[in-house]
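Please see the structure below; I have some questions.
Note that the chains take the letters A, B, C and D in the order they are written out, and that residue 1 is the start of every chain.
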Amino acid sequence: MTEVVSFRNVGVRYESGPEILRDLNFTLHRGSFHFLTGASGAGKSTLMRLLYLALRQTRGEINIFGRDNIRIPRDELPAIRRKIGVVFQDFRLINHLTTFENVALPLRVAGVEDLQIRKNVTELLEWVGLGDQINAVPSRLSGGQQQRVAIARAVIGRPALLLADEPTGNVDDRIAMRLLYLFEELNKLGTTVLIATHNRQLVRRFGHNQWLLEAGTLHDITHSA
Amino acid sequence: MTEVVSFRNVGVRYESGPEILRDLNFTLHRGSFHFLTGASGAGKSTLMRLLYLALRQTRGEINIFGRDNIRIPRDELPAIRRKIGVVFQDFRLINHLTTFENVALPLRVAGVEDLQIRKNVTELLEWVGLGDQINAVPSRLSGGQQQRVAIARAVIGRPALLLADEPTGNVDDRIAMRLLYLFEELNKLGTTVLIATHNRQLVRRFGHNQWLLEAGTLHDITHSA
Amino acid sequence: MAFRSQPSHLPLDSDSSTRFLPSIVALMVALLTFSIVGLAALHDSVGKWSGQIEGSLSIQVPPTGMADREPEEREQALQATVDDIIEQLADMPGISRIEELSPETMSALLEPWLGPDEIVSELPIPRIIEITPETGFNFDMLERRLGEIAPEAVLDDHRIWIERIADVAFSVELALMALIVVLFGATMLSVVFATRSGLSIHRTIIELLHLIGAQDSYIAGQFARHNLRLAFFGALIGLLIALPVSGVIAWLGMRAGWPIPTLVFSPLFIGIIIAIPFVVAGVAQMTAKRTVLRVLRRML
Amino acid sequence: MAFRSQPSHLPLDSDSSTRFLPSIVALMVALLTFSIVGLAALHDSVGKWSGQIEGSLSIQVPPTGMADREPEEREQALQATVDDIIEQLADMPGISRIEELSPETMSALLEPWLGPDEIVSELPIPRIIEITPETGFNFDMLERRLGEIAPEAVLDDHRIWIERIADVAFSVELALMALIVVLFGATMLSVVFATRSGLSIHRTIIELLHLIGAQDSYIAGQFARHNLRLAFFGALIGLLIALPVSGVIAWLGMRAGWPIPTLVFSPLFIGIIIAIPFVVAGVAQMTAKRTVLRVLRRML
């Protein structure tokens, strides 16, 4: 099975509002790397929400890890969610937990043992350049540092699918590159990566597949850019 | 008086931590336009905090609107703060207020009359492209839309000093340009503008003065870039 | 587009934390009202009892062992004992009046027992001494001293019993009053807690308002007004729950033979009940103001 | 670096909202404890009174207007009235026993008044009927019916007075019991409120945990345990405040002549007091669990 996610005629609207996304048809294969671009308000985060199962399509079919998303029983969802790492656009760090605890959260939830957690988290925090902020709470971190904590939390569990929503909006180009190398590293180990971003430069430099959300539908512009 | 802000040997540390900024010496003149760059964690937001009077230097002197910042009596601070517009890196929108109310806040606080507020806010929201989101609460807005609300709130009062901390991290280049035109517009009317950003492309395109924060000190790299 | 009617007020209402303050206030106000109604009812009862036990306590001096004496001699001996008792007890603390019951009153008292006959004056009738006790009166001490002076004398404990019970009822009343004070304090404390915890959620808003140049007094005023409204609303709900329930309980109680409370309809009582929401709202307002000002003072 | 000892538990402690739940719980538990101690003390008093008023109520049937008749005839007429009264009242509800006092008991009763003389049997002595009332007994009805049967008969209201007061005291006790029930309910409600409002602050954390793949039961369990601890802690503080204060009040009360409460030292009472923190903690835990599960169920 190489199809991680596939969409068929998917449409989404929030409550009684207009259809934000419509007629989405695409497939994410195992080990693929895509950039998702589009104007502000185009629906990138909405598409991400569909993928991390926080939102249901109003029409169409979504298949994720081989299962029809609306047919998955409630108690099987957590297991699927643990295979998905998400960098939220608004970080969603827990304010009263330290950097370490915030990053450790997915491992704690998965019941990984303490020693393992300690080793993995410290190592990863060193890599993203937060080795000296391990015990700081989010309010003591700079914007870019918070964003890196959010990224570390998303990748700590070596997810099968990584969704990053504007992961480099608050860091400089050097760190952005470093973070993308991290994503590529994961990708080489088999993780399917989808990154929503406004940073055209970055997209151009890494030259992976590029999708454009426009007027609610998805266009593959990998070769046209 | 053309000196809006001047720093003399300013240094800052948080509690007993290391000195984040040191020996800052610079002057912001009326009607000037500066970009502030620097690596993540360099101290850009910290410098901003000094400027919008949310933080005090641990040493040195800061002169703002002709007054020594630590000598301003507490009850005169609000009047000075109203002359400063701030786009916070983390937006700081009020969750249960609509877009309109969030943007109207500085005018309400200043006691501007309702009709005036209504006119100005709607006009500005149209300009930043949020004309159809006037009654949405922040949780219903996309990341870029939230950022634009934060920007609209910062500029609605036509401040004498505009401080924007990473104001384009969540919007695409087209909107980023549009927002910068808005800042330039204000700047032409006399507002002193200081924008902290990681977006080198933007800095390059607008070609204003560029300051670089590195190792805690400020370097003017306007002509070296 | 819905524009606010009061432009200078922040719309704090739609906030999700606003449900908590009213509910905790409603709860405390309901409890407080129950206790106040209870106190008023009890006070009425105690008042009624006191009215019925007003007056005195009596000592009977029986002509024990004198039946074989001459009537003259008997009366003299009895009189001596009576005078002795009165003299020795007169200076006891807590006795406001001590006096022998007149022979006429005695006849009247005995009439239903023995008939309105001459026979009374010839019989060895006991003498009765009436005592009007006052606060500080000590029944046990009286009994002890009486035992020393005239062991055959009998203290009529009918009235003293009522007195004692009224005393205990008064204690209960005091306890209930204390409970009301405690409940009032608790209500105020919970208003303070709830207001503060509500504000801790709004900390970021307070901070933001501060940074965009709002005066401390403006921010504090906004939150004070907001919390005043929430607390007043909560207190009203508390009253609206407590009053009908109290009414039903009172009705059931009266059916079961409790005295009809009149204090409940006095202006003082009604005034107190009406004052509750205002006091509660005032406390909430003040707390909010102080809390916000304290938060603000910590900021630059 | 400080690592947690329990890796599977989220460190929710350092959170600023955690101060509120314990304080409101402490307050309510203190109030509840006060009321329970008060009830126990009052129950003791009422128990003592009841012991003293056990027994009966009496009707005196005086030989009114019979002084000029022959002793024989007089006794017959009196006996007829007495039999009449006993017959007619026997079926009244609330009377468990009705019986004439024997002549010997009468003599014994009158002895201190008239001396141990033969004179008694020759005097027109009233007859006495003793009634043992039980629950459901209605004094006013008895009085009315007695007035119809024999207007000259006198109801001795000495004991009935005590009975009535004990009744009222019992009512007060019932009211206090009701108050305790209400306070208990209020404590539970405020635990529920405080727990829920605490959780509303944590909504984003709940959401995040959900999205990173935590099981509903895991999230609910974490918060349940956290709130259990907070509530237990609050309840303990409430007890630690209320018990010494109750002790001081009791001591003052006993100095002022209240009966010494013995119920307070009974195992049942001590058991109830000890149970409070556990019940409160249990309610907090359950509320947290349910609230979190409800929040989670609303999410996908």
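Definition applied: contacts are C-beta pairs under 8 Å (C-beta built on N, C-alpha and C of every residue); 3 or more make two chains touch, one makes a residue touch a chain.
The model shown is predicted, which means the values in this text are computed figures rather than measured ones.
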| item | value |
| --- | --- |
| Chain hops separating chain C from chain A, counting only touching neighbours | 2 |
| Other chains in touch with both chain A and chain D | none |
| Distance from the mean Cα position of chain D to that of chain C, given in whole angstrom | 18 |
| Centroid distance [mean C-alpha coordinates] between chain D and chain B, Å | 67 |
| Interchain centroid distance [CA atoms averaged], chain B/chain C, Å | 63 |
| Distance from chain B to chain A - Cα centre to Cα centre, in angstrom | 30 |
| Shared interface positions of chain C, touching two or more other chains | 16 |
| Chain B residues counted as touching two or more neighbouring chains | none |
| Graph class of chain-chain contacts, one of line, ring, star, complete, other | ring |
| Chains that touch, pairwise | A-B, A-D, B-C, C-D |
| Complex interface listing, chain D residues touching chain C | 16-17, 19-20, 23-24, 27-28, 30-31, 34-35, 38, 42, 45, 49, 60, 62-67, 112-117, 119, 123-124, 126, 152, 154, 158, 161-162, 165-169, 171-172, 175, 178-179, 182-183, 186, 189-190, 193-194, 196-197, 200-201, 249, 253, 256-258 |
| Footprint of chain B on chain C - complex, ascending | 1-4, 7-8, 10-12, 14-16, 204-205, 208-216, 218, 299-300 |
| Chain A residues within the chain D interface of the complex | 52-56, 74-75, 77-84, 86, 92, 94, 96-97, 100-101, 105-106, 108-111, 113-114, 117-118, 134-135, 153 |
| For the chain B and chain A complex, residues of the former touching the latter | 14, 37-41, 44-45, 89-90, 129, 140, 142-145, 147-148, 165-166, 169-176, 198, 200-201 |
